[in-house]
Amino acid sequence: MSRSEISSSRRDFLRTMVALIPTVSLAACAPLSALRTSPAQSYSLRYFTGEEWAFLRAACERLIPADENGPGAVELGVPEFIDREMDGAFGHAANWYMQGPFACALPELGYQSPLTPRAVYRAGIAVVDAHCRRTFGNKSFSELPVTQQDSVLTDLENGTLDFDNVSGKSFFGFLLQNTKEGYLADPIHGGNKNLASWKMIGFPGARADFLDWVDKDGGRYPLGPVGIAGTRG
Amino acid sequence: MVDIKKPPVDAVLIGFGWTGAIMGMELTGAGLKVVALERGENRGTSPDFAYPRIADELTYGIRHKLMQNLARETLTIRHSPWDRALPYRQLGSFLPGEGVGGGGVHWNGQHWRVSPEELRLKSQITERYGKRFIPEGMTIQDFGVSYEELEPFLDQFERVCGTSGQAGNLNGTLVEGGNPFEGRRSREYPLPALTDVYGATLFARAAKELGYHPFPEPASNASRPYTNPYGCQLAPCNFCGYCERFGCYLYAKASPQTTILPVLLKKPNFELRTQANVVRINYDSQGKRATGVTYIDAQGREVSQPADLVVLCSYQLNNTKLLLLSGIGKPYNPATGQGVVGRNYTYQMTGGVQVFFDKDKPMNPFIGNGAGGQVIDDFNGDHFDHAPLGFVGGGYIGVIQTGGRPIQQMMLPKGTPQWGSSWKQAIKDHYLYTVNIQTHGTVMSHRDNYLDLDPTYRDVFGQPLLRMTFDWKDNDIKMTQYVTSKAKEIAAAMGGKSVEVKMKQFGEHYDTRIYQTTHNVGGAIMGNNPQSSVVNRFLQTWDAHNVFVMGSSVFPQNIGYNPLGLAGALTYWSAKAIRTAYLKSPGPLVSAGSV
Amino acid sequence: MKISNRIEPFSRLVSMVVAVTFVAVLIQTCQVAQAAAAPQELVQWGAYLARAGDCLACHTAPEERPFTGGVPFELLVGRVYSTNITPNLETGIGGYNRDDFVKSMHEGVAKDGHYLYPAMPYTSYARASQEDLSALYAYFMQGLEPVHNPNRPAQLKWPLGIRSLMVAWNALYFNKGEYVNDPQKNTSWNRGASLVQGLGHCGACHTPRGAIGEEKASSEQDGGQYLAGATLNNWYASPLTGDPETGLHAWSKDEIAEYLKSLPPADNEGQDHANVAIKASDVSETTWALRVGDTRMAGSGVYLDNCNACHRSDGSGANRTFPNLVKNEAINAGDPISLIHIVLAGSAMPSTQTAPSAIAMPDFGWRLSDEEVADVLNFVRGSWGNHAAAFSQDAVERLRKSLTLQKSPK
């Protein structure tokens, strides 16, 4: 059956109107409160355990610390972002080709591990904490002083610290990449609370309209950022 | 074992991106009953690219929501015929689209034509520099169609897209402000060029002072409200900075959705089926024709769609894979040099120079347009004397500021710590104050760079993955180092604090992790000789007169420019041959014996 | 009626008389369910008139076959559904003779005698001429495929939902009678009036209605309310009068024609703003403020974050694509309900032959509070030379309650 015999213009237009004929009565709701306010209530973990969470918060804060330039990863909600990512398609490697056989390869041929990000974090946090306890007087990573935390992270980064169950470099790679993502992404994803990173660097965010500014060579853009949810932070 | 058999149609289109939309429009216009089969889902400006939700770098720019889901199908990659190929498990180097509109949804809109000599590159190089100038192993060829023949179709596609630009060669007369090296244009661009951002202005000034010829890059981001020949409407680009990887919320970027589908989808003789994954072209090798295609539908059922005409409009990689799986054309064998399907696979060579400015000069990288900006063509094609340089090819150089999205597009000086307070300080110091000059150049075809079927890995339908064998060859490294050195010269004259060069080194392997363009070309190349091409100059396969192959699959080597302008024009050119010659008398349009 | 040319003159005369009588009998008192086949030209004329009367829009439910009915209408009396008007015998109007058809169009009474509610605008169709109705009848009987699709029963509410009450309503408010040419006006004027008052049924939406649904005027002779603008089902239909501020006074003939044919947003100036050098004297205060990021004025920040991207800092939109908000009748409407509706729920242009792109405005109900919606609309209604009355956020709250909106951006 071909519907295209029908001149669809007026019919479709009226259909839009008809569709708006109330069939459901909704109490006036303000969905924005859920999107915009970030009350200081505790976050409910979706993936990480309490111990893993402690590691994550400590590690993220070393990667992007609070300092004179502004709040760090923890205050911006980066660990929350990462926990939410683990719960979604990214954490499950849903869009990666994960069929075997798996083989070692030149780095240029890309990721060839059967481990999903969820698995990498789980294994990585466990082995790094175990390593810290063995090496630093029975202290987990989150209990170490920051200088030691930094040296552990550096060792992971350059491959000095590596493990059988998971590649140290790979684990660090996810950690750093996801921390930066959580720091710089739109707040609807859980991080970058109050658009703090965007304010620091001068990125207008989701305003996505700069026609009036193209020809202002060398001029400073006057407006602060806005997020997808409408927050100006 | 076919579950469902559909009634026959006049033409079936495999894939529904740019070339599918163009071919759909052309064939329905000729009165044919056309079915388009798209493996992905339907997408449209509303609601899928709506403002402000589309301005989400993480979802679209980093998690690749609009692109191919590799979990279902990918390819394997190796550097040489002696290596083991491994799967391209994550998107990196190239980002194929999926769904209605394909890559046409998330491209930047950089809309070039082709340098006339690049269409006959082998002849050109041989004539100008001698046969021995072409190094051992390089397998470049002529396209088999001339620029003059294609000019009306290059023009036609620009008019459909509302391309914004400034002509440099109008019917043989050079025009100030345009590209003096371009092929002759019969008329101006449909829309005037976009305004330049600050970085592009600085680039143009420096390039001009050095004696080069800057001009605005042709952009299929409309600069004015525009109604195209089909009656479809575009709005002027507002430099939102969410172009490549994103659908356009503003109806400003040319895509199948904005320029063709509002008309095509309503035609009574056109039907679109989504979530229809073609797994095979049904080929009668005796009769040397296809009888139709077989696809897997959303429920996993095998469906047969008989058709008189089969047009491959899917992505370049998939077109090649389908020909191999269907046994149409002789597969290429690098050891013997025989065979044609899969040969001459090439890519794009990119490099760049970053210019870091003082904090008194905000460059505002977030003011981004996918195309436009200022470029020079002085070192592209055969526009300059290659004799003392010892390489074939070239590239354009320019500032095309597509956006300042902080996760993907942050530029920091070499040696900046990757984390910690120093990193934070660095992004604060540099985010607003950096400009990127890019170089975008050719990759010549080589006997060892090709496509075939992988022996080990399979897709979700149980079919072998395509296998890509590709690595950089010295010729192209030489080229990029030369062209990027010119870019560095211009960068140094732009008034920045410092510049940094990013270019490939000799011996460097092709890195599949880093994005470098989705300009994969070749595999089903066009030509005049069936021994060295898969399709003739009308894009009709030599082995099945009712099978045509579209897209950059047909390029025998890559051109310096972005390929879509030429690919679109070739689709209109092929469609015209189908409409005016093939349909009247179905059969080979070029006899195999002729040249 | 074709008259054979082989008959002798006397017989010819007799035949002509017979033929004319036959046609008269056919038109006046034909009792058979299906008329003898009308000429194709009449059917085609009927198809044209059906487009003018837009029968398709109300008598075709989404995803259903044309003219098979099923579209719901929420009225004071309850919910009624449009009917199947294909020539199917059991479920459509295949059993209607021409008189039955005329009675439903001219009097609002169906073949079986039940009264139609004026959701079916018989109050306007009453103006259609007998010739028009003959053509329409021919179209519906011969131009359409009969389709079996039983009519959905109305869900009428007591006490208003008793159909025979329509007798009284009609007596009070229904002005019967075909359109009669005004001898003081020219042919075009009369043709236009007959279309507007008749098949076009413009007044059905654009004339304000009284408490029990009666249109307050059925023509310009009937007091000043004819086509003066009305709110219906949470949309405001703008005035179609010549009022300079709120009506069509500033519209040219071509613009009206183009608008009615293709419904792109009307644009009076064809502005090309992408590369226009801004002269201070040409630019309104509001535009300057927006361009320098001065958001002190209430609603201006909301405008910059939500509207500016398409409608621009001077409100001009983009020719043929995004509406120009400056001195736009819809923006300056007395009742802002359409504007609130569009901001909360979005809207899309229809795809037509001449303007196939269905340009859409996204919904902002999930993103903006009631206060922000009121602020930004009041900002727009008071900027760039617009000076429509401000309204309170209560209007937003009321409308939001009756719409189903999505709650989140993802």
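Each chain carries a letter (A, B and C) given by its place in the written order, and its residues are counted from 1.
The definition used in the following text is that a residue touches a chain if its C-beta (ideal position, glycine included) is under 8 Å from a C-beta of that chain, and two chains touch if they have at least 3 such contacts.
In this text, all values refer to a predicted model and were calculated from it rather than measured experimentally.
**Student:** Where centres are the averaged C-alpha coordinates, which chain has the largest centre distance to subunit A?
**Tutor:** Result for max centroid distance from subunit A is chain C.
**Student:** Which chain lies at the heart of the structure, taking centres as C-alpha averages?
**Tutor:** The most central chain here turns out to be B.
**Student:** Tell me which of A-B and A-C has more C-beta pairs in contact.
**Tutor:** Contact tally favours A-B.
**Student:** Using mean CA coordinates as chain centres, what's the gap between subunit A and subunit C in Å?
**Tutor:** 49
**Student:** Can you work out the whole-Å distance between the CA centroids of subunit A and subunit B?
**Tutor:** Each chain reduced to its C-alpha mean, subunit A and subunit B end up 31 Å apart.
**Student:** Multi-chain contacts in subunit C: which residues touch at least two other chains?
**Tutor:** 274, 305-306, 309, 348, 351, 367, 409-410
**Student:** Quick one: which residues in subunit B touch 2 or more of the other chains?
**Tutor:** Answer for subunit B, listing residues that touch two or more other chains: 51-53, 195, 236, 238, 240, 249, 266.
**Student:** Residues of subunit A touching 2+ other chains?
**Tutor:** 5, 8, 188, 207-209, 211, 221, 226, 228
**Student:** Spell out the part of subunit B that touches subunit A in their complex, as residue ranges.
**Tutor:** 51-58, 62-64, 69-71, 74, 77-79, 84, 86-92, 195-198, 201, 236-242, 249, 266-268, 361-362, 364, 366-368, 404, 406-407, 410, 418-421, 423-425, 427-428, 431-432, 456-458, 509-513
**Student:** Along subunit A, where are the residues that touch subunit B in the complex?
**Tutor:** Spelled out, the residues of subunit A in touch with subunit B are 2, 4-5, 8, 62-65, 67, 69-70, 89-90, 93-99, 101, 103, 105-112, 150, 153, 157, 176, 179-181, 184-186, 188-189, 197-198, 200-211, 213-215, 217-221, 226, 228.
**Student:** Under the touch definition given earlier, write down the residues of subunit C that touch subunit B in their complex.
**Tutor:** 264, 272-275, 305-306, 309-310, 318-322, 346, 348, 351, 354-360, 362-363, 367, 409-410
**Student:** Which residues of subunit A touch subunit C once you look at their complex with the stated criterion?
**Tutor:** Contact set of subunit A toward subunit C: 1, 3, 5-32, 34-35, 188, 207-209, 211-212, 221-223, 226, 228-230, 232.
**Student:** Show which residues of subunit B lie in contact with subunit C when the two form their complex.
**Tutor:** 45-47, 50-53, 192, 194-195, 223-225, 227, 230-236, 238, 240, 249-251, 258, 262-263, 266
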